[in-house]
Structure formats: structure tokens, C-alpha cells
Amino acid sequence: MTIGIIGATGYAGAELIRLLLGHPEAGTLILASSSHAGERIEDIYPNLRCRVSAVLVSPEAAIAKSDCVFAALPSGVGEPYAGAALKRGIPYIDLSADFRFDDDEGVYSAWYGKPYADPGLREHSVYGLPELNRRRIQELASKGPVIIGNPGCYPTGASLASYPGLAKGLAGEGAIIVDAASGVTGGGRELSRAFHFPECSEALSPYKVGAHRHIPEISRNLSKMAGRPVRLVFTPHLAPMNRGILSTVYIPLAALTAPPGGNSTDLPPSKEILQRADEIRELYAAFYQDEPFVRVLPSGATASTRGVRQSNYCDISVHLDQTGSTLIVVSAIDNMVKGAAGQALQNMNIIFGFDERLGLGAAPAAF
Amino acid sequence: MTIGIIGATGYAGAELIRLLLGHPEAGTLILASSSHAGERIEDIYPNLRCRVSAVLVSPEAAIAKSDCVFAALPSGVGEPYAGAALKRGIPYIDLSADFRFDDDEGVYSAWYGKPYADPGLREHSVYGLPELNRRRIQELASKGPVIIGNPGCYPTGASLASYPGLAKGLAGEGAIIVDAASGVTGGGRELSRAFHFPECSEALSPYKVGAHRHIPEISRNLSKMAGRPVRLVFTPHLAPMNRGILSTVYIPLAALTAPPGGNSTDLPPSKEILQRADEIRELYAAFYQDEPFVRVLPSGATASTRGVRQSNYCDISVHLDQTGSTLIVVSAIDNMVKGAAGQALQNMNIIFGFDERLGLGAAPAAF
Amino acid sequence: MTIGIIGATGYAGAELIRLLLGHPEAGTLILASSSHAGERIEDIYPNLRCRVSAVLVSPEAAIAKSDCVFAALPSGVGEPYAGAALKRGIPYIDLSADFRFDDDEGVYSAWYGKPYADPGLREHSVYGLPELNRRRIQELASKGPVIIGNPGCYPTGASLASYPGLAKGLAGEGAIIVDAASGVTGGGRELSRAFHFPECSEALSPYKVGAHRHIPEISRNLSKMAGRPVRLVFTPHLAPMNRGILSTVYIPLAALTAPPGGNSTDLPPSKEILQRADEIRELYAAFYQDEPFVRVLPSGATASTRGVRQSNYCDISVHLDQTGSTLIVVSAIDNMVKGAAGQALQNMNIIFGFDERLGLGAAPAAF
Amino acid sequence: MTIGIIGATGYAGAELIRLLLGHPEAGTLILASSSHAGERIEDIYPNLRCRVSAVLVSPEAAIAKSDCVFAALPSGVGEPYAGAALKRGIPYIDLSADFRFDDDEGVYSAWYGKPYADPGLREHSVYGLPELNRRRIQELASKGPVIIGNPGCYPTGASLASYPGLAKGLAGEGAIIVDAASGVTGGGRELSRAFHFPECSEALSPYKVGAHRHIPEISRNLSKMAGRPVRLVFTPHLAPMNRGILSTVYIPLAALTAPPGGNSTDLPPSKEILQRADEIRELYAAFYQDEPFVRVLPSGATASTRGVRQSNYCDISVHLDQTGSTLIVVSAIDNMVKGAAGQALQNMNIIFGFDERLGLGAAPAAF
């Protein structure tokens, strides 16, 4: 199988290469880059030396020869490539935001500042969060070439943390608050003041508070999961580490689901509250029991980015606040794997009917 | 002025030494440690070589010769020293939790696992958050020797972020959520699995979710500030850096204070919402205008631990979520300064009638 | 194939598990630990959850059921296990220093403080640096069960950087200086003041200057490579990162090999000197051309730990000082892979006649 | 006293501001920047908010109103400003390389790519390493306005480590090898691939091996200290931390000074060797006993960047290799203080006859 990667020199592209090199069905990789065409990938990523030696070609050339194309481009530039892939009859897995909003062009353009270039492409596209849309991905792929709108990194962590709680009706009134922090690779390879080492080392910094582009993507997911409109509050932070997204999600419990009697805000959680937390944890575990990449942690454990390094896992731990009124769910992913390249590969596996774990089987590194 | 530090070999003790070396009224420092008595401080902290050379003495010896005593001990062991200081007629500034709960012995013992050793000491003690209790500290100090319950690190950041919003009646129903992260010095000098470098470098990890000892301290502060009971949800995280606490605080706005019309959860904040955020920002700025160590950042800026390194500042930025319903306040402190030793020094300055900024005037380091 | 790991809960053990999970010939893993027997590995290493679930057994139990045993123990305790493995007729790959010195018991005991427990075991042991001893390993393994003295982390990086220069007679009189720095996982999982996060983050610290136990191991290697006694100066440093060893090796060039004419110490390198450096670089490349895990970088590139993360590669770059008199060779390895677990696996592959790259094929991570 | 800083928005400029804010003789600060003129410094460095609020002016305007000018500019652009300062009769302390080479214009232009713009300025300039040139600085300053060529960061650490050994005749034949590593602030505020967080976090990388511009500066210093030409080999590394330079310097001992008998390269250092190391350590301590900013550490301690954070100290530890033939001296400085802004301030204190420690008295931070 020949696989093309457009935008191969960005961080998500580089991670795709790393993962595809371990995928048993991946044969030739064709690497494309508009800005680096003609250069060799191993001169840009010395870690790849002796593992892949390839001259970067144009996106068009990659599409012309591939059986499947990944695009790791900025939002707003890739629709023509998606169209070209469809025409050639091959799947197009897009890591930008361009295909994450289906028909909601209004929402897309409000955040990304431009209309769809080719709205009709959305007939063939699907939002690629497998845990939510696996069946739909399979259906579309069975009918012809499909476009995947691969989820954003924050939306993946936030949505997986919320899904069972929302789908099972645990959430009451009030906003769902997602407080999340990302490693610096989330900012990409492009140089920027915010990602200059001395500006982010030894510092924790929120950014785009109440105004981050992932808000509508998360919000759409949560509403779909709950089957009703959900209000979302989202704050991203930049953390001084290379990889990982940690999401702490606060879900107000519906009155009926909260433990009876309540608990003072000033006292440690009672036995009843700890027990109720454990019941919800079991509900989460049951909900995800067939998912190959979601690990609901046992009682007493807390999810950390440390547990999922370089893997496609999403670790989830379930907690209650000391009064038993707010469900606190923590999810941890590797932002470059389950938050980008790994999930894209998972989508490729689904499209081609492979075992979903193919190429994603390496155990997380302990350190 | 001779100053004693009990528990001088812990991180808060070491930071107190660093700050006191730059305090113009601080003369001799008497350093005490139960576990290291007889050793020299510069063998434990090589950074202090040539700046202070002192043999560590017993706590009793320090109290006997000092005009003011700081205690940076674990909770639950220092009450006899406080009593001894009172007896000698000198102020005792305690960095543990022992004097943070006044008469609420029930709450203290529920979280710290033991009763007060000498409850009567609370007649002479006051919770030392100057922005909240400055007058009370001054009053008590004017009457005789005072015991300061120096605030915890998380409670300082969370309380200062919430104070104007609560005091001015902005908060509506619903829990106030404090999502905070601390640098690893917050865990102290004691060795522990969680603070072993390879276990926390390149990782972000929540801990004690819904069950951290700072919950009742924050909750008490917020209720006092609001003039009514406030429900608190608090999640601490460990961040891979040495210093700093970043608190992101979510306050549901009372209906009347929210911007009219509302805004879709899926759209970017409207002009009205951004303007409303700015009005609240100005309210915060006015509220803190006479405070020497609180900086309310200008519109458009976001607080980061990067701005307050090694200083006693608390930086605060004020935001609204995209629907205008939730006030999001970010505060940043250096956990070892405003979150511990610096605030203790600020309390000493208040007690002795010095300019509150004495010894705390160094500009934050940019990197 | 059933594989036993004694000392499975240490960092080298955990890394062995991660690598063996991706080894196509590795079947059941039997994990052993004296101190944690009865516990589950996934409770100690949450990253392994869903990938391996095993109750830790005693070392004896592991040896009794395995076809090959790895031992990741402190030096000085494993000889009885090695003996037991031999008796059972299975190979024993030892990551401690116990089998790195062959008959030089005097040198071993001078540095490790105890004599050999069972000197006769050295008849069956070989120092497992494949690039130096591959043939000898194969010979011994063909005759019966073999014991591998798997090299130390610093010795691996230092020796591979020096080998071609010494073997090809480039080195003149004078000491070879190895200045190296290691990530903190090199210190192991045991808690220690030096590895407490706030003591090593944001700091670079040499340690055991002129007195590190890896001195005799490196020195023996260099002398063997040169075919004559070589004087070694070695300084290790602790660097604030999890993984990696960077070695900068200074080799005085023999007069005949240095560029003619010389160059002022105050001027930039001349064309002749840069050209001479490139010739030596080519000599290095030719020397290692059949080695699967040594990458001699192209002219102009400099080795960095960044290029070899989580891989078994040793990257090498070759330079001359501005006067052309000193050969400066930089090598970079992942201390936990080529410096420990990966090299052990490479040795297992050699012993069993597998392709040496089996289980070690994952591309290095770019970040 | 009114003090001007040209290039105030770079990292060295920002550090100068931080230090000058604590200098009792510093009155008004006039901040200048060609590229940011008209902006406010606190918008660029939020840490400075409430401590200094200043609109950036042109370099000419700063010179016109100041009693002393610091210039933190790239090399090769500042000579006209130096000339203007001389004309106004005020001292000019230059942090670039332009005045570090006195009359050696050939060496300067070979490394920096351009001739002196105004060679005659060197009649009034002096290389500002106080430990080497204090008397000459005082002499020149007593005669009129002086230009200081403030030393580079690596040259400061390397030279102070070598000075006593060279001046006291300990060094024998052979190159002196300086292996050093710097925190990332050493690369300045300018964005660059090498200083993008994910490219340098968790990595140790040598650069410009055998070809770094600090080579001739170090080499000149060492030769002056030795009173004879010294051959230098120098390798800089980039370490994943914000601040600090750690230099490990290898000096071959002259035959007469080495311990008698020698020691095998394979054995731990003998008592005689450890004792000889201690004698040399005492020689170092005596040599520097009147220097306010050099701390020769006691026997058994090893210098680390951890000990000198944010201070003007240079910590030095003295060692011998296990054979007693090579003197290994480790020095640690904060690259932004003793390696840049602090040393510049020390020079200002010397010029004006102040206590050299003025404004530089803050104790190093322990973490």
C-alpha cells in the first residue's frame, strides 16, 4: 500500500511518518511539502536517518501515486487536495479543521475566518472520532472514497472524558467546564515567541481564554453525546513539556444522580461519595469496554500524561468533588498520537478494514 | 532585629533565608532544625555559601533569642513553639496549617487528622492573608504578640482571584471551580516517588482530586469574601517546573451581571461580551488598586507564572467565556514567595509597622 | 519463547518490558522482583496497563521457566542467578557491572567494593558490546549457555565514539578525555536527593569527577580498541532531561595524522582542517558501515540526544578543533536503550541468531 | 545617576534592568531600542509591570541624557554609540564582542566578519573581566571616559576556572580543553529553530564544534594568564534549561606538579592523588580570596549551575583525574549575570568607585 503525506515536515507529519514506519500494511511513503519540496526529509528530521530517505514532492504528486492520503496542513488550504483525492477514488484523512464541522459552515467560518472552498465535499466527509462515529466512518468508506475530518487534540481529550457521562444522562444543568493543558508540540513546528524555549520553560500559561478555535468542535461533540445542547466553557494552557494533553472536565451532576444527603463543602468526601464515584467509574469502564484505545483507570488511580506517552491511548480517571455534586473526569492523551497522527492512523485502519490497532501497538514509554 | 527560622532546611525555610538576607531590618538570622541541628546551612544549601554561615540550632534556642520567629514545619507539630513564642512576647509566623482555621477545630481535625494541641492559642492568632485580614493583623499585633496562620499556596492564588468577584456580588448560584497547577517545590524537600525527576518531568498530573487539604481553607476564604456559604470544587495538578502556581478560577455570573442577550456556545465572544469582560477587569483593578502585591493585568493580557518568578506579586487576568455566563479569572503567584515565604515576610512587615514591601522589592526575573 | 526479567521494576527492567512487547519472538514475559514480589507490574508502571498484566514472582521462579533471562539488578547481587541460569542451560544477560571485567577481578573489586562471588562464571561470560565483541558472543553462544556482561551506558557512548579513531591509529600520545552528560533516568528509580525534581531541574551538575565506576570499563574498552594502554579522563554530568547520553570525546591526533602546517589557536579552522575532518568522518562511516545501530552523521551535522530518542541508535559526528590537532567525536545514545535495555535485546538477538534489529526497529521519536 | 541601556529589549538588556532596579545608586533608567522605539518595556516584559514603566527611545536619545551607558547589542553595530558616549564624556559598557580584542583587529575580523569601524576607540577600551583586569579598568576610568568590552558568557566561566592554574604554572604541555554547556537564554530573544521549545527540551546538543566565536576570546585570556601561548580546544553545548553555564576544564599538569608515582588509569584515585587535588584546591582558594564573586568550593563539593542562579557568583570546584595527571576544574555561572548583565554592573561599580557588590547582593535562589 502506498501512502501519501501532505505537510510531511510539520510535527503531525513527522509523527505520522514515525507511526507508519511501524505499520505492517504501509509500503512506500510519499512525502509532500509545498515549502520544502526538493529537500530530503532526513535533513529536516535527523531522527529519521536510515529509516526513511525521501525527497519531498508536491502535494499533487503525492495524491497521484497514493492509495491513501493524509494531510497535515493548516486549516483553510487543503480542500482542493481533498477534492483531487476523491476524484482519484482514494481516502483523504485531513488533520486540519476543514472537515470537522460538516454542514455548519457558519460555525466554521466564524472561527476560521473563511467560507468552505468546496462545500459539496462534506457529502463525503465524516468527523473522525472513532469512539463516536466508527459506524458512520465504516458506512461512508464502504460506499466510496471518504474524507475524514480528524479531530483536534483538545477536542479528543475533552470529548472522550465527557462521553459516558453525557450519553448516560448523568449531567445536570449548567456549563461543562474543560480545563486543559498541552505540551508545546501542540503549537507546531512554526517558530513563535510563545514557543521560544526561555518563554515557556518553567512556566504555565493559559491562552485564548474563552476564545479558542476548539470551542465549537468540543461543544458540537458534547451536544451530540448528550442529545441536547450543552454549554461549554474551555480554557487551554501551555505546559512546559513536549507532549501530552491533560484535560480536567467538570460536569455538574443531575440531581437524581448525585449522592443523597450531600456533604459539606468543608469536609473530606464521605464513604457514600467515594462509593458513588466508584459506581460512575464502573459505568465509564463498561461504556468503553470494547474500545481498544480508551483505558478507564481503576479506583484510586488518577490519569496523567505520563501514562500514555507516544501511544494512542486515552487514559481516563473518574472522581467526584467532596460534596458529590460535580463529576470530575480527567483524561490524558499524547497530543501528537491520539490527538493527531495516531488517531488519523486509527481512522485509516477503520477505512481499510484493518485491525484498528495496527501500527499503534507500541506500549507507552514509562519515561 | 534578630529573626529565628524554625524548619530552616525545608524549601520554605530556604526561601525565607534568601528573602531575609535582603531585608534591611533583618539583622542576625538564627536558623533552627530538629533533624539537622549541628549541621551548617551552607552544606545543605550551597547557594547560600558566603552569604550566610550558620550552625543549625534547636527550635527552643531560636525562640529564646529572636525578636520574631518564622516556623516552616509540617502541620501538627508546632503549637508548643507558638506557645513558647507568645510567652516570650514575640510574634510567631507559622507557615503550616495549624493556625489557618481559627475556632473551626472540627474542620482542621477532619483534614489534618488530629485535634488542636492548645486550642486557646487561637485567641492570639489570625489568618495571614493581608489583602483580606490586614486590619485584623494590625489590631492583634498592636495588642501584643500575635500568631499568624500564613496561608497555603493554593489558597492564596485561588482566594485573590476570587475576592473582588465575590465581594462585589458578581457570583451567582453554583459551585466555584478552582483548577490549579503547582511547580514541584510545592511538594517540599522531602524525597517522594511523585517528585522523582523522571516521574514528573515531561508530565502533567492531577492529584488528590476532590480531596486536597487546601479545600477547606479556600472554601472558608471564599465564603468569607462572599458573605455567604460558597460551594467549592478544587483540583490541584503537578506541573513540570520548579516554581509557580497558576490558578484558573471559574465563577458562574449572577443573572443580573451577565451580558444581556447571551451568546451561542458555538460562536466566538461578541463585542458586548468582550466589553463586559473589560468592565469586570476594571472592577478588579479598582478593588486592588492599593494592594502593593496584586497586579491586575491590562485588557488582552493573560496571567502566567512567568511574570511573577521569585517575586511576591500575584498577577491576575480577567476573562469571560464565549457565552458571557462564566467569569474566568486567572491568577499566577510564585508558590514559594507569595505562596509561602514572601507572604510570611509581608506579614512580618505588617506586624512591625514596616513598609509592606520591605525585603520584597526585587523585580521578578524575566526567565 | 518465554523470557524472564529479574529486577523488572527498575527503569531498565521497565524499558526491557516495553521493547520485548514489540519483539516478534518474545512470547510470555515472566517478571521478577525480590522487593515487589506479589505486586502487579501495571500498578507500578501504569503505562503498561492493558499491555502486560503480570504478578511479580521471585527471581528463582523466573529462571525456572524461562528460555532466556535478563537481569537488571544492582551490581554485586546477581551471580547466583547467573549460575542458576547456566545450570538450566539458558542464556543470562546481565545489565549490572558483574560480568563486564572478565578476569580482572582486581579492577572490579577496587571499584565495586567486593570480590567475585563465583569467579568461574567468567569462563562463560563475555562483554556484550556487539560492535566490539559480536564474534565472541556468537562463538560462546554456539557452545552453550552464555552470560552477557551488558555494557554500562556511559561506556557504550564513549567506546563507540572512540573505536574507529583508536583502531585506525589516529590517536597520538596523551589522555583521551570523555566529557559526558546523562538524563536522570540514568540514576534509576531509587529515590535520591540528587534526583529530586527541584534539585536537578534547571541545573547541570558534574558528579564523581575522576572517580566514577565507569572509568575502568571505558578504559579497558579503549585500550582493547587501540591495542595498547590508553589513559582515560572521564567526567559525567547530570542533565535536566529524562533520557539520553551525550558524549564529547577528545582524542589527540598522532602527529602524522594531523593536517600539515597547523593553524593558529586564535583563528577559525582553515579549509584544510575542515577537509581533514571530513576525511576522518569518512573513515568512521566506512568503519561502521555494516553496523545496524551506528549512524555516522553527514558532514556539517552534529550528534544530539534529540536524534536517537527511544531507539537503539548511536549517532556519531566527527569534528576537529580549530588547530586540527584534536579529534572531537560526539556520540549520542538513548541511555535506556542502546545504553541498557536495547543493547541487552540486541545481545539476545545475537545469541539466538535472530536479525539483530528484531524488536528494535521503531524509528526514534522526533520529540 | 541616570543610566541608559541600549538594546534594552534583548535578554541581557532585560536582566540589566532587573539588576539596576536593585542598585542603590541607579536613579532614572533610560531604555533604548532601535527596533522597538515607541513601545513600552512592560508590554514586552510583563514581569516588569509596576516596577518600571518606560517608553523605549532611540539609542542616541539614551546617550544624550545618561551618566553611564550599557549597550546590549549584536556585535558589529555599536561602535558609533561608543564614540558618541566618549564624546559626551560618559562610560560605555559594551556587552558585544566589539571591544574584547583590543588591537587584534585581525582576530576580531576573522571571526566576526568585519573590520573595526573606528579602530581608535581601542585606546579607551579595556576587556572587562575584573578578576584579570581590575587595575587596568580603574586606571583607564581615572583618566576619562572608558569603554568596557564586557566578556562573553563562555569566556567568563572558562577563564575563571583556568586562571589560578595557569598563573601559578601548574599547566604543562598540551591543549587546554574547555567543555561547556549553556542554558537557552544564551541564545538570546531572537526566534530560531534551535531554540524552539520542542527542539531543545529533553535534548543535549553540541554546536559549532571547533568553530565557536568565543574561541579566540578564551584563548587570548588563557595565554595572558599563562604568560605564554596556550592551545585551546572548546566545545559548547546547549542544555535544556533557561539559565546557567557549566564549564568543565581539562588542564594537563606539568610533570613537576603531578603527584609522584602515578596511578593506573584503571584504579580509583589514591589517597595521594586526592590529597594533591586538595592542595591545588587550596591554591585556588588563596588565589581568589579577595574576589567578591568567586567562590572556590570546599573539598568534596562539585560546582553546579544550581548554586549560582540569578547571582553574580562564579562557583569553582577543583579535581584531579584518577591518574593525577589532568587537573579538572569545574566552574558554574549564571550566564545572564556573571556571564553578561551582572558582570557589566560589576564593571560599572569599578568605574564609579562603588563597592563592587552594589546591586549584586541578592543571594542565589536555591531553586
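Lettered A, B, C and D in written order, each chain numbered from 1.
The rule we apply is simple: a residue touches a chain if its C-beta (ideal position, glycine included) is under 8 Å from a C-beta of that chain, and two chains touch if they have at least 3 such contacts.
Quick caveat, the model's predicted, so the values are computed rather than measured.
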item	value
Distance-maximising chain from subunit A - centres being C-alpha averages	D
Cα-centroid distance, subunit A relative to subunit C, in whole angstrom	37
Cα-centroid distance, subunit A relative to subunit D, in whole angstrom	46
Residues of subunit D engaged with two or more neighbouring chains	11, 183, 185, 198, 200-202, 240-243, 304, 306, 309, 367
Topology of the chain contact graph, where touching chains are joined (line, ring, star, complete, other)	complete
Of all residues in subunit A, those that touch subunit D in their complex	11, 183-185, 189, 191-193, 195-198, 200-202, 240-242
Subunit D partner contacts - residues on subunit C that touch it in the complex	104, 107, 110-111, 174-175, 177, 179, 181, 183, 198-207, 209-211, 215-216, 219-220, 229-235, 237, 239-244, 246, 248, 250, 252, 265-269, 277, 302-306, 309, 317, 319-323, 325-326, 328, 330, 367
Complex interface listing, subunit A residues touching subunit C	11, 14-15, 17-18, 21-22, 45-52, 185, 201-202, 242-243, 295, 297, 301, 304, 306-311, 313, 315, 336, 361-367
